[in-house]
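Each of the next two complexes has chain A plus one other chain: chain B in the first, chain C in the second.
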Partner chain A sequence: MSAAAPAPGPKEFDRPRFLRVFTALFFVFLFAPIALVALFSFNSTRSLQNFKGFSFQWYERFFENESLRDSLIASLQIAFVTMVVATALGTLLAFGLVRARTRWAGSANVLMLIPLVTPEIVAAVSALILFTQIGMQLSLATVMIAHITFSISYVTVVIRARLAAVNPEVEQAALDLGATRWGTLRLVTLPELFPAILASALLIFALSFDDFVISFFTTGESPQPLPVRIYSAIRFGVTPTINAIGTLMLAFSAFLIGLAIVMPRLLGRRESGLGVLIGRDTA
Partner chain B sequence: MTDAGEAIRFERVTKRFGGTVAVDGLDISIRQGEFFSLLGPSGCGKTTTLRMVAGFEQPSEGRIFLEGEPVETVPPYHRNVNTVFQSYALFEHLDVSENVAFGLKRRKVDGDEVRRRVKEALELVQLTGREHSKPRELSGGQKQRVALARALVNKPAVLLLDEPLGALDLKLRKQMQVELKGIQREVGITFLYVTHDQEEALAMSDRIAVMDAGEVQQCGTPEEVYERPEGTFVAGFIGISNLLPGPDGSQISVRPEKIWLGELQDGMTVYNGKVVERVYVGTTTQVIVELDSGVRLVALEQNTARARSDDRWEIGDRVRLGWHPEHALVLR
Partner chain C sequence: MLLFAIPLGITLALSFGTTDDLGNALYGWHPENYEQAFDPLFFPVLMRSVGFALATVGLCLAIGYPVAYYIARFGGRYKHALIALVVLPFFVNYLVRTYAWVALLADEGLVNGVVTDTGIRDEGIRFLNTSWAVIGGLVYGYLAFMILPIYAALDRMDPALIEAGKDLYGTRWNTFRHVTMPATFQGVLAGAVLVFLPAVGDFVSAQLLGGPGTYMIGNLIQQQFLGAENWPFGAALTTVLMAFLAIWMVLYLRSAARAAREAPA
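Right, the complex of A and B next:
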């Protein structure tokens, strides 16, 4: 034991103790309901109040239920197609908005934000009206088109910020060293944007996968996207099968977030995809 | 090869951006193997000139020849020049050796040769051992060296350097000046160097073009532009210049180190004045003297071992000063 008294640390007068309590309460309110959903998905009885014992029966029920399983597959298909198409189109739009030297760029930048502030119900109803007007049969395809439409803006917002921050001298250096314009895009610009592209792709997957409002209005009869299918199911009573689905979706989302954090690091990047999303460039 | 050919020639090159003229009728010829600097304040057109050679800007008028060939139709990626950028512009997602190999790979140089030349280039800039570091792990000086190696490894006809030492601290900048000059001598490549730092230009260049407002004010060796400035701009921009009104609206320029204080010699031009300020700058002290005509001149007092604190000019002292007439330049 050292005889010297420990040096007094910096006084914490600028960090009141109630903030800790406040933060703790915030996390309890945030996570307690989720934790309960997960807990009762493993209940051995039908009850959502008393935990009687541990079992996987609600997970088994879910996988045995063909219609629920089809809905899960449909939702994964929708989310995947939406992710790929919206990320590609949104990235192209970001290039256009940042790089095009036109006086319309300013207006286009504002117009692009409209889908972000439009109430989802308005977007959903207008998509439905459009599809019926042009005589398009409602199906998974119409859901995908509607999802892609509302997702592009999210991608563009994330990528545009990143693209504007790319040092023009870095691209000039590539040209200077003998890379063509296409080579510069492929070898320098896209790798610089990679964390932002990955982050927006995962964001779009998550948004599309659990979207209810737009899916509800634009889907056909069968199979329905999972959130719509769950909504129909709970009208006949909530069973722990719903909890099981919720827990699986939660685990899957956590997996995606983990992926967004780990992927750029695995590829030797400074920043994580999540850092890009929450506006923290150097994680 | 004793016959040094021409590396770059500018013929009446003018560049306009909208209504503003950035470069105005530039006529310069740069010899092969020369260390040539474009020196001037910001906005004088020196960087625009460099970017026209690199191919990032096109001249509005006039032509640029690279090794005798006109380059206006050649895109940047086919020009036999490489650039060291002010911001270094390293590829952050690639490591040091991948950065240096970038240009060779674009030119489809074969793998063994790429490895050999990258190794050589890193030896040249003393970065052996840092091959697999990412740019973010390097200091400013090291990034600078990677940028230099990445450009030099391609053995360009001309290396373009855009204020490459601007972001470094003073000590490192001085050290890199010496190193850059040594590297240039070793590789024998023509350097076209852009800077606003007159000391840097004087220390490194074979020749300097002093630019202002898009025009070359004077082009010559460091000694020529320092000792015999043509015009008040060059005299004022390079070093400290004392300007006095001369005959017929001309101005007379005298360098501070040419001014004698107190003990004068025969045949000197002599003035009387009063010491109004002393500015201690280390090896010397600048003694500012106000002449009876009201003009202020800067003279230097050496802080040598012989100098004593009781034997110096203090503020308020009356002083006689003078210079040999050959050290006074008449500028028109």
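Right, the complex of A and C next:
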């Protein structure tokens, strides 16, 4: 990324106006449905056509509903466990892939990408069949295992890119200066990787919390993860309570992204978490 | 890695199995599961999935390319902010986004409210349960996967090339066709694969925005496992889907590798 030098000149000259209008319309198309869901979650009546007045009643309904609350807690538990385990395993795997010079590393690198391009439903069905064949009762634990499986690849891809960019001479310098291997890892390598680790942890939390397809196939009877509950509710029709849940989930996702962007900066890093995720360092 | 390979292997094994009288899955050699997948009863569903996914790719390209082009070339210092805005909605739960369209397009929904209130038509328009609703849901769901790679390709490209094309008396169209398009072809291809893969296996959009007439292979698989309880048939369908997608992936990777070789170092 070179510095974003504003060089309008001839560009402005042939800037096609219709593209500008088209892009503006595109953003309306992108945000209008979500904005309307959020707006109508505060509607005082059941109507999805007329906004009658402001009220919190659908949010109250949600929090008063004990089984929905259990689902929310279940989803948070799953996301948390998935985040911790997948981030730890994925980081270890990234170290193995980058540092180990064995003849397996090449094929392992390719194999790792397969989960990322497999349709979710294939992964979900495979996990379901595996769990039932080895006689595991479907529960929150099976959802967690399935989530961890698909999450590890994401972590490894992000961390590996970062690890490959770490200058090995810095580590060698630390070793030359008498640091132990563990000391080097703790004081040199891990701090370099920290933004990537944090960003992938938050990404995994968001992915796991939002995941529907894999949860749907691997969950037990109750409590079910929140997205699965939403799905069954939508099938029975549109109700304002779903508007409220959707808005809450929206706010929560926005919060997580904000955290991914802001937290490394608060800790005195120049890179933003989002920059790490899309593979470039935005200052 | 093993965590991933073993379940796929068991799925493959089960896809040749059969069910006993109680509906429990048994292993064995029963290739008729695959014959059933190509049965006239189910084959149209497979074709419909591919058709819907291709239509989704086409629409995503038609919408995504101009947007990516505008942001990459004319975004100026707002470039990063605009791309962040494109990505942002995709962190909203896919179910909630699909639900937003259900709420908009339902018979009692907002669009029909406007249509009847303003007197454009006396009766509302039926949107749900149509193929277009399902394809629209897929487009809305996966659009970012198309825009991001195209944007990346356009961003890498030297804008001076476009100006050179015009200086050499290329018309706008000719410049686009001979300069911009070849330079971004790999991005388009990557976007097409990234949209096609999840779209063809999707069942949420068809379930919520469509009806039995618009079911896709994902719905069929889901029914076999959670409704009809014919797991071996479901496993066979899953294997067909996976094999079909693997072919696409291999073709794509070869094309990408060739492009990387031919690119000037």
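The rule is simple: the second predicted complex is superposed on the first by the 266 of 283 C-alpha atoms of A that agree within 3 Å, B and C clash if a C-alpha of one lies under 4 Å from a C-alpha of the other, contacts with A are read in each partner's own complex, and residues count from 1 in each chain.
Heads up, the rule we're going with is that a residue touches a chain if its C-beta (ideal position, glycine included) is under 8 Å from a C-beta of that chain, and two chains touch if they have at least 3 such contacts.
Just so it is clear, the structure is predicted and the values come from calculations on it, not from any experiment.
Legend: residue contacts after superposition of the two complexes on their common chain; A:V213 is shown touching chain C, with no touch to chain B. In the superposition on chain A, contact is made by A:R20 with chain C only, not with chain B.
Set side by side, chain B and chain C differ in how many residues of chain A they touch, and the one touching more is C.
In the superposed model, A:V188 lies in contact with chain B only, and not with chain C. By the touch criterion defined above, A:V85 lies against neither chain B nor chain C after alignment on the C-alpha atoms of chain A. Of the two partner chains, chain C is the only one touched by A:P115; chain B is not.
In the superposition on chain A, contact is made by A:A179 with chain B only, not with chain C.
In the superposition on chain A, contact of A:L39 is made with neither chain B nor chain C. When the two complexes are overlaid on their common chain A, residue A:N167 makes contact with chain B while staying clear of chain C. Of the residues of chain A, not a single one touches chain B in one of the two structures and chain C in the other.
Contacts from chain A toward chain B in the complex involve residues 167, 169-170, 172-180, 183, 187-188, 191-192, 194, 267-270. Residues 4, 6, 8, 10-11, 14-15, 19-20, 22-23, 26-27, 29-31, 33-34, 36-37, 40, 48-50, 108, 111-112, 114-115, 117-123, 125-130, 133, 148-149, 152, 206, 210, 212-213, 217, 227, 230-231, 234-235, 238, 242-243, 245-246, 249-250, 253-254, 256-257, 274, 282 of chain A touch chain C in their complex. Per the touch definition, chain B reaches chain A in the complex via residues 54-56, 75-78, 81-83, 85-87, 89-93, 102-103, 106-107, 134, 136, 150-151, 154. Within the complex, the chain C residues that touch chain A are 1, 3-4, 6-8, 10-11, 14, 63, 66-67, 69-71, 73-74, 76-77, 79-80, 84-86, 88-89, 91-104, 106, 108-110, 112-113, 117, 140, 143, 159, 163, 166, 193, 197-198, 200-204, 207-208, 218, 221-222, 225-226, 231, 234-235, 238, 241-242, 245, 249.
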